[in-house]
Amino acid sequence: MTPSPTQHEDPTASEPSTHTGAITLPNGEIPAIRFDGVGKRFGDHVVLDNLNFTVRKGDRVTLIGPSGSGKTTILRLVMTLEEANEGFILIDGKPLTHELRGEKRVPLKEKHKNEMRKRIGMVFQQFNLFPNMTVIENIIEAPVHVLGIPKPKAIERARELLEQVGLPDKADAHPTQLSGGQQQRVAIARALAMDPEILLLDEVTSALDPEVVGEVLGILRDVAHNTDVTMLIVTHEMQFAREVSNRVLMFDGGQIVEEGSPDELFSNPQEQRTRDFLSAVL
Amino acid sequence: MLEGMQITLVLTIGGALLAMLIAVGLGLMAGSHRRWLKIPARIIIEFFRGTSLVVQLFFLFFVLPLFGLELPPIVVGIAGLGLNFGAYAAEVVRGSIAAVPPGQWEATTALSMSATQRMWRVIFPQAWAIMIPSLNNLLILLLKGTAIVSFITMFDLTASLDKLRIDTNVFFAYTVGLVIYFLLAYLLSLIMNALEARAKRKLGRGQSLRESMHFRTPRGANS
Amino acid sequence: MNGSLWEWQFVWEALPILLLAFVKVTLVVTLLGSAIAAVLGLLIAVARRSAPGPIAAVITFIVNFIRMTPIVVQLLFVYYAFTGVPPVTLGIIVFGIHYATYMAEVYRAGIDAVPVGQWEATTALSMSRRRTWMAVIVPQALRSTIPSLGNYVIAMFKDTPFLLAITVVEMVRAAQLFGAATFRYTEAFTLAGIIFLIASYPTSLLIGRLEKRLAYK
């Protein structure tokens, strides 16, 4: 299935360029995520403007760049926490919130958005665990009520996930009884319980004490190695980005400034802005 | 009708002024560290909050004369409203002063300011900005409280509504009454909002006068 | 008029009368009125959030109008408008509706106090609206609202004397009648005041403790 016809350039035909992030896809391969002329503003403040890029299935893409460059907005747009003002976002070839009918940009029905949303998961900087539920209740809530998985099965899967994130004995604890690092690990388990195709990670270690950052990154490394979920990561942890990602996109002012493999970008940045940013954070 | 409205206004404004005086006095006492100030203040506050406004009004109107104190009804109304709402407002004053960041107190100590200077120039202005929304709520409650005064003592808007009712149709009479009370309450809220905006502006965190004239839903006060 | 200022025998005489009125009227009106207010208030709060703009605005206006006008006038209005209905029933309904407007505000504040991250997490997990409200938002909102609701129950309790305006013999009216009959107003009203105090002060202390217990770490 080819991407829906648009008035913009057909991205599959564009040349690879360090400034647009578009990648030539082998014929027929449908990208996991595609941003097509996406624009987003908050009031008068334009965050993203005519943004185009694609993410392949199984990619581990890290977005880096200064604050305000739009990286978190991109994640929030994919998770439908915000809606783009212009352009289209396609998940697995299907439009997420709007589609083009004839010449008009038309919003899609809630039902469609709900279906699309189920394939995407997100882990937040502030964890956002539900304090009125135990750890295991947090994890099984969506699988049982959204995916319709029978409760015993969901509990079994939840316990497996708790093992994987290293918290097997915390199933009946309350989030307020856990440390920040532990809460974030539960949040990762909760997101994984939905078996998402795409996992969005929004600065997931930025709110943690330095000592526990490592344990969370370790879990994410395992996820990257043991599954083929597509990951879109916003982080300041450059070392982690190097280890886990196969592509790094440098953002500034809502535009992709440079992109490449971690080795290319970190060792040999081409653009001045990239060099400036990296020298400030590394 | 007009006479009734006048009396309602007199009761409201008189009661509010008395309440404010009592509130600041009692509030400062209740917030003090000195037990000989704090404990009596606490007792008075809880007494007036815990018994009902109506009981207090009845007491003032029926019982005081037995002790030789015969007061004109409007004074009884103002006294009752002032004492009752003064106690509630004292809690608000105490809470607002406590909400001023401790760093402010420490700064005044570092500058060797006297207790009076400290309260008058630094602490109270900040507490004032904090307490206005809650006082707004109490003021509306006070306005509504004037309605019961007539049943105990005298002529006010509610009683004149009764007269109106006899002459005209029920719905008209009481609807007019409700609308007038509502407009009075709205007006009072606008004034309080403007006061709050002014207080905040003086503290450097303000909004324009226009913004303050928007009617903001009074937040629920804990009675 | 008797010359003495205080005579205990009248206190004991008044006590059963006042207590009877207290239980039969004051408590009944408070409990039933609060039940109505708590449920209606929640409905109003949810409606204002979920209803489309114009409807929500109309609801807001009506709610504000009721809240900002005296309960006494509302009682009188209803009393003269619905002559067939027993005044106590009218009282319960008016109190219920009037206090629902206060409680709706409390619910609103409670819902607003739930951190936005909680809403976002439910989106990230594709949870339905119904589930989001029932499993995540309302349980957290209630924690901060229950103490405030409790304070309003106490407030309603102290407003029950307003019912005397529509001929209901609640406790304070009973005290006034006793005083009119015996000329012993002092004892009667003092007793009424003490009963109010005994009922409301410990309750408000309990609510304060409940508030501390319910607050999250």
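The chains carry the letters A, B and C, assigned in the order they are written, with residues numbered from 1 in each.
The rule is simple: a residue touches a chain if its C-beta (ideal position, glycine included) is under 8 Å from a C-beta of that chain, and two chains touch if they have at least 3 such contacts.
Here the structure is a predicted model, which means the values were calculated and not measured.
Counting steps between touching chains, the shortest path from chain A to chain C takes 1. Ranked by distance of CA centroids from chain A, the top chain is B.
Centres computed as Cα averages put chain A at a distance of 49 Å from chain C. For the pair chain A and chain B, the distance between C-alpha centroids works out to 54 Å. Centroids of chain B and chain C (each the mean of its C-alpha atoms) stand 20 Å apart.
Along chain A, no residue makes contact with two or more other chains.
Across the complex, chain B meets chain C through its residues 46-47, 49-56, 58-59, 62-63, 66-67, 140, 143-148, 151, 158, 161-162, 165, 170-171, 174-175, 177-178, 181-182, 185-186, 189, 217-220, 222-223. Within the complex formed with chain C, the chain A residues making contact are 79-81, 114, 117-118, 120-122, 124, 126-133, 141-142, 145-146, 176, 190-191, 194.
On chain C, the positions that touch chain B within their shared complex are 1, 5, 60, 64-65, 67-74, 76-77, 80-81, 102-103, 105-106, 109, 148, 151-152, 154-155, 158-162, 164-165, 172, 175-176, 179, 185-186, 189-190, 192-194, 196-197, 200-201, 204.
In the complex of the two chains, the chain C residues touching chain A come out as 115, 117-118, 120-121, 123-128, 131, 135-136, 139-140, 143, 216-217.
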